Amino acid sequence: MSVYSKELSVPSRKRVELLSMTSQVGSVVSESKIKTGICLLFSPHTTTAIFTNENESNLLADIEEALEKLIPVGGSYRHNRIDSNSDAHLRGILVSNSLTVPIEGGSLALGTWQTIFFADFDGPRHRRVKVTVVGE
Amino acid sequence: MSVYSKELSVPSRKRVELLSMTSQVGSVVSESKIKTGICLLFSPHTTTAIFTNENESNLLADIEEALEKLIPVGGSYRHNRIDSNSDAHLRGILVSNSLTVPIEGGSLALGTWQTIFFADFDGPRHRRVKVTVVGE
Amino acid sequence: MSVYSKELSVPSRKRVELLSMTSQVGSVVSESKIKTGICLLFSPHTTTAIFTNENESNLLADIEEALEKLIPVGGSYRHNRIDSNSDAHLRGILVSNSLTVPIEGGSLALGTWQTIFFADFDGPRHRRVKVTVVGE
């Protein structure tokens, strides 16, 4: 059993952006030489999210629209007196700021249609994701 | 320290269905012989969710109704041009597609009222759940 | 590699309350003597949540207000015939009842603005959080 950890850079280019990071995370799992175990992805930010779903452009537009209906960017928020990004914090809480994926045969055990997404809700920024692989 | 992993089958019978899988997961934890640690449940699908809550029939109806209000099945979604299940993808992102439960004394350390649920939002289908137990 | 686990007490004082538990969890990580790995926080309750975000009073009010819009306390729920807290169950499912944080250098690897919150949606009650640290 061992632990391998690495921090990845994820630069975003828009305020709201859904970025695939499957191949970046897959490289860390390869480097770890861990064959069976789990891989934690954790965003050290408060206006981001990490999740897995299908990488289909229409669906990505639906995700952005659904979040806009549930937590509108232009809503009336108290935190916006301090920093105009309360919607981004709230979306991060709703979607979740971390993800754990099983490792099988030295690779991420994702399903056929699964992509790992990093969501920036308050970009563009230089974001980081902490990857921790635990296993044997 | 060791890792034990197994894939479970979860067949759903309706489009939207909340299925208890606590006993199936408990059996995997027993098989693993791991006494203390963590158990990751991961769905390799993109239109499902895994969560823990109370197994009470009125509450299960409330969960389905709340999801229908937040992400209506009959909403207008771009992804539905390709596959008529965007609502199911969006619900999976909102609820989360994985769950990690602690293990104590060789069993799932669930609270008195906690059941582990697999949610299918685009059934009926043959679904799978990857169980990964890490501990000693 | 080893596992260290401990149960924390989290007393809430209001029906809906967001409580910082970062320092309590940090103490468990110190006690564990684990330097690199992961820390699972799991609530054994069905009307609570655990998440990480910024500890800013205006934002905390926004979180409560956003949850009230998405899942109103006074909504019409079937489960309320049995126990008047369906909203609390539904909020717990939406936000998530557990959180996994990486450990680096013997400490929680949280970002600058991240606080670990325990959310009680059906307090005031004596709540518990199970902390499981896995690593080396």
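All chains are identified by letter, namely A, B and C, in their written order; residue positions are counted from 1 within each chain.
As a working rule, a residue touches a chain if its C-beta (ideal position, glycine included) is under 8 Å from a C-beta of that chain, and two chains touch if they have at least 3 such contacts.
All figures in this text were calculated on a predicted structure; none of them were measured in a lab.
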| item | value |
| --- | --- |
| Chain contact topology (line, ring, star, complete or other) | complete |
| Copies chain A and chain C touch via same or different residues, half shared test | different |
| Intercentroid distance (Cα basis), chain C paired with chain A, Å | 20 |
| Multi-partner residues of chain A (at least 2 other chains) | 1, 70, 94, 96, 100, 134 |
| In the complex, chain B residues that touch chain C | 1, 36-38, 51-54, 56, 58-59, 61-63, 66, 70, 94-96, 99-104, 109-114, 134-136 |
| Touching residues on chain B, where the partner in the complex is chain A | 1-3, 5, 40, 42-46, 70-71, 77-79, 81-82, 86, 89-90, 92-94, 96-98, 100, 130, 132, 134 |
